[in-house]
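As written, the chain order gives the labels A, B, C and D, with residue 1 at the start of each chain.
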Amino acid sequence: MNTPLLQQVLDRTTPVDDSPASHLEVNFGLLDEYSKREIRRAILTAVAVPGYQVPFGSREMPVARGWGSGGLQISLAIVGPYDVVKVIDQGDDEGVNAVNLRRLIVSSTGIPESTTPEDSTLIQTRHRIPEDPLDERHTLVLQVPVPEPLRGVERDMRELARMHAEADYARMWVSLYEDKVRNGVITRTTGYPCLVNGRYVIATTPIPRWDVPRLHRSRFLALFGAGREKRIYAVPPHTDVEPLTFEDVPFEVEVTPGASCRTCSSTESFLVEIPGATAGDGGHWVCSDSDWCRRNRERLQHPSRGDRS
Amino acid sequence: MGYAAARGGLKAIEAAERLVARERVLGESQWLESKQMIEKLRLAVDRVMGEGGLWDEHLAASALRQAEGDPIEAAHLLRSYRSTLPRLAYTTPVDVDDLTVLRRIVPAFRNPPGPQLLGRTTDYTGRLLDTDDETSQRTAAEKMAAFIEENVTISKAIDGDAEPTDIRQPRRLLDLLRDLDAVVDRRRTDDPEPFDITRHPARPPATRSARLATMARAETGALVNVWYRNILGPDGYLHEITLGEVRHGRLPVTVIHPLTGDPVSISDVRVTEVEAIEDLNGIDEDRGRFDVGYGLCFGHNEKKAIAMANLDIACERDKGRSFLEQSILLTTDGLDASGFLEHLKLPHYVTFRSMMERKAAIRQFQENT
Amino acid sequence: MTFADNILSVRGLSKDFVLHTIDGRRVEALRGVDLDILPGEHVALAGSSGAGKSSLLKCIYRTYEPSAGSVVLRLRSGSRIDLTLLSDQEMSYLRGRDIGYVSQFLRAEPRRGPLDIVARAGVSRGMDRNTARDAAAVSLKRLNIDEKLWDVHASVLSGGEKQRINLAAGTISSPQLLLLDEPVSALDPANREAALDLIGDLATQGVAVLAVFHDVEAMERLASRIVLMRDGRVESSGEPSSMLEILTQGARR
Amino acid sequence: MTTDWALRVSSLGKIHGSADLRALEDTGPDIGTAKSAITGSIVAAWDVGFEVSPGEALGVIGESGSGKSTVMRCIAGDQPSTSGEVHLRTVDDGRTNVLELDPSARRRLRISDLAVVYQDPAEGLRLNVTAGGNIAEALTAAGWRHFGRIRDRAAELLERTEVPHSRMDDLVGTFSGGMRQRVQLAKALANEPPVLLLDEPTTGLDASVAAGVLDLIRNLLEETGVAAVVVSHDFAVIEMLTTRCVVMNHGRIVEAGLTDRLLEDPHHPYSQRLVGAARA
């Protein structure tokens, strides 16, 4: 009866010696190997059942719950010594949350970081999908504050579980119907509810509607982590992601006619507004994806240099 | 650029960290020692261990210091530290009858079997703020301590081993009530594995062990609030219990030695334990008997243990009819609630831009119709 | 005439009521009634109040459940069926199609106009909507229901108007057998005339009629045969002329 | 002659408390109670059976506590039954006992195989949703995804149940009791269910409002060809809506028959008392 315990101690997975983090005091990726294994199992389930919210034993992380603890657990559970990490918040590599999380990932693993998707393999994000097209090399980890898309129509968790189990989404449709009746347009902003693989409705984290179409039949794997609510769900590559919309009411993304990025002049990226300091100053727009914006600007200034920065 | 406060990257963050670090050692006071906190701010340290779910007074004191006295933040530090530790062994089931009491009161009887032992408490002392200057306060306290040392023989009793077992391990009231057949018997005959809330999310409908574990780790204020809002508030699911037993004491913790296979005592933990007596009055309940709710948490934290015991029996009787269980499981964790609240401080300009766009769309629709 | 030609053959029909609320008292309403009706025949039931006339109609229609005996009806399809052996659902299906019943009072109806009530009766018996509406209009006109009232809720109409609407609804399609229970009792002379005229036409359409009238004149005018009942039995039966004599004598005595 | 059924209920039983069948021995109309002294359980319904054909309405009449609403709830799936079978023609051509379906499949029947109208509109409607939205719930559950067509269909149904078009986009919670019942009917009929259960559909409404709702139900039953079960304590309702009915007392059917026959020639002592009281 004692052997399993001893065996567990002896079997405890340790990072391989040549890993960049072998000199660190903490375990590679901060979490102990059992925890990582457990989280990976949840991820595998999530990939196997696209859109299903897999409950998992979310660990307390060195960031507050609601600050990306779910995304961080996913990243740390799947990160390997040869990964290159990019972390963004609102599309910005320099956002405070992005900096904090990137520091934790890099310092606990020793892996290199990048701001360019081209060079990255693991991209953790809060509220955006990078403008660059992502592909098979990329795993996108999205931080999810509220994973339950149906919470607005139902509070009882037992009933919520039943609704998902039976694909009973009529009340979600009713809320969209009521929205359109009352307001003339569908007023959902970010985190638009989508049907994944024709089966489960998910909350697309609070990414803007602009980003939603890029989840549809994507080439990359998207993993959604909600640490506080202890859920992981996934959109595997080449999976249908359809925003819930009526056949005769087109899905609308955020577009402001005439707006362009003041820095790179782009009209084809997701723009955020910089309000003017005074009432008279009309303000301006900039790309939310700061790295894409920088490269776009360089591309315009030095067309000969090509795509890479 | 806008959002300068939330942007600025690594440099700004590092500057913020330096400010915190500097104030920790600067200022005119001494370095705050862990030992001092364990002895003098005992209830704060106990609370952090309870909410952090980790018994280690020194780590808890360190956390409290690092968190500048914020118990929720300190509990967070303990818990996230714990996340990095592999789980190497499980203790044997703790037998609460092994509790050596430091304090024990039985409000349900004037003369219960065993003592009414008040122990270290200010429950019965006037809440009078000492407004003397610090030096006078200190002098007075030192005098009092010296007097006690010379004239009163209670110091040994606190250790709990200088007195006969029946005083320090008194028979519990519940056993007496059971002998009188005055309590419904809900004891299970099977022995299911307790639900491990650190490995699986506890969601309604949950087992009793999941609810108890959640409450044991809950933020004290949150749990007291759930209790109170269910007594006085809009929900009103709760029925006020009679306290059968409130205990604070030391409990030995034992593991099986991996090599010898023998049980080895590895530590004593201090816990607060409460048994709450519930008067059954539902149509489908046995009006002729009582039922019992149970609470147990790390350290000396009577507020939490009492709320826990009352909520335990309330949940049992509610049988999932209301949102009580969901409230307990989902809303009482300090890390969850405060983390989510504080995340509002993070940049939300992508969301806000999306919202602004919809506002414009709605207004345009309104203008067109 | 042979038995096979009958539209209706009633044999040994009896009805006992057991009144549980009055110490289980037994009331014998019918005591072995035999009766045959041929196609196109108009049989009027005569007899004093309590003789069993209405009970006989209700037992045939199964508003009362017969205690004994048989009620064999020839259906439109030509087959013969004992109504006492039918399930409730089967009986329910035959009602209106092969056997009709017009009571003294209009059954509780939703707030509908006369035209709607009569037309719906036709639709429920298998007529298409337009045909039923046309037929209803003809029938109401014939019964002197003012066209202005055709869409007025029937509940506010007079007793005489309701009775005519009821008659129109009951006669809109031709069943094999029509049971009439005092269908003109509340009518003034002019409207009574129209109603009797309409009933008289049924026989010419081949509908067998079994009727209870409260007055001799109606029987005299419509009946091809009169059956006299007493104490739940058929006492005698015959040509109207001879039977009316017996009836008027009986009345004088 | 057609007696093909749309709904068939047989040997339906519901016992609250211990499932010990000895409870059947000391309960029922002859004993005068539904509560067993032997087992302490309540036999809310036992051995209840009937068939309903398309276009037919069957009444279930009895006093409160007779078990009539229990029967309805067991058929609807709102309550688990203790025993018995319920077959719907549209489910596996009537071969499957729907009581044996798993809860999820059972709930799915409520989308378009079986609809219920409750006495309390709050049970069948969401009061914080508009009249049109309530109907949209039924339609979207059945797969409707075209906003315009959902609007049109909702408007058509509300017109049919005589709800003013101007109120289509008002919250049902702002409606009067009679109007809520009309919306509930519209929602129930949204997917043209072959079977409709009505539980005291006009009880609790003012007399004049009740009469209007009753008229509407009668018209709908005639026009839709739905097979209906009408549960009521009120003979006026049963008489207006049904051609056949069963009388329940202490959890059992004491008598079944054509509605006019039951009113004019009730056989069972309990039925006679009930009719006597209604006629008084």
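Please note the rule applied: contacts are C-beta pairs under 8 Å (C-beta built on N, C-alpha and C of every residue); 3 or more make two chains touch, one makes a residue touch a chain.
It should be emphasised that the depicted structure is a prediction, and the values quoted were computed from it without experimental measurement.
*Asks:* Enter the minimum step count from subunit A to subunit C; a value of 1 means the two chains touch.
*Replies:* Minimum number of steps from subunit A to subunit C: 2.
*Asks:* What's the chain with its C-alpha centre farthest out from subunit C?
*Replies:* Centroid comparison gives B as the farthest chain from subunit C.
*Asks:* Just the chain pair, please, that has the highest number of C-beta contacts.
*Replies:* A-B
*Asks:* Quick check for you: compute each chain's CA centroid and the global CA centroid, then name the chain with the smallest gap between them.
*Replies:* Looking at where each chain's C-alpha mean falls, the closest to the middle is D.
*Asks:* Could you please state the distance in Å, as a whole number, between where the Cα atoms of subunit A are centred and where those of subunit B are centred?
*Replies:* About 34 Å, centre to centre.
*Asks:* CA centre of subunit A versus CA centre of subunit D: separation in Å?
*Replies:* 49
*Asks:* Using Cα averages as centroids, what's the distance between subunit C and subunit D in whole Å?
*Replies:* 34
*Asks:* With chain centres defined as C-alpha means, what is the inter-centre distance between subunit B and subunit C in Å?
*Replies:* Roughly 84 Å, centre to centre.
*Asks:* Can you pull out the residues of subunit C that are in contact with at least two other chains?
*Replies:* Nothing qualifies.
*Asks:* Going by the contact rule already set, what residues in subunit A reach two or more other chains?
*Replies:* Not one residue of subunit A touches more than one other chain, so the list is empty.
*Asks:* Quick one: label the inter-chain contact graph as line, ring, star, complete or other.
*Replies:* line
*Asks:* Can you list every touching chain pair?
*Replies:* A-B, A-D, C-D
*Asks:* Which subunit A residues qualify as touching subunit B in the complex?
*Replies:* 1-2, 5-6, 8-9, 12, 26-27, 30-35, 38, 55-62, 64-67, 69, 89-92, 94-97, 99-100, 103, 126-128, 145, 155-158, 161, 183-185, 187-190, 206-210, 228-231, 252, 254-256, 270-275, 286, 288
*Asks:* Please name which positions on subunit B make contact with subunit A in the complex.
*Replies:* Of all residues in subunit B, those touching subunit A are 1-2, 6-10, 12-13, 76, 79-80, 82-89, 196, 198-201, 203-205, 256-259, 261, 320, 323, 326, 330, 335-336, 338-343, 346-351, 353-358, 360-362, 365-366, 369.
*Asks:* Help me check something: in the complex, which residues belonging to subunit D touch subunit A?
*Replies:* Within the complex, subunit D touches subunit A at residues 104, 107-108, 126, 129-130, 132-134, 136-138, 140-141, 145-150, 169.
*Asks:* Show me the residue ranges of subunit A that touch subunit D in the complex, using the header's touch definition.
*Replies:* 162, 165-166, 168-171, 173-174, 177-178, 180-182, 246-249
*Asks:* Hey, which residues of subunit C end up touching subunit D in the complex?
*Replies:* 17-21, 58, 62-65, 87-94, 108, 110-112, 120, 124
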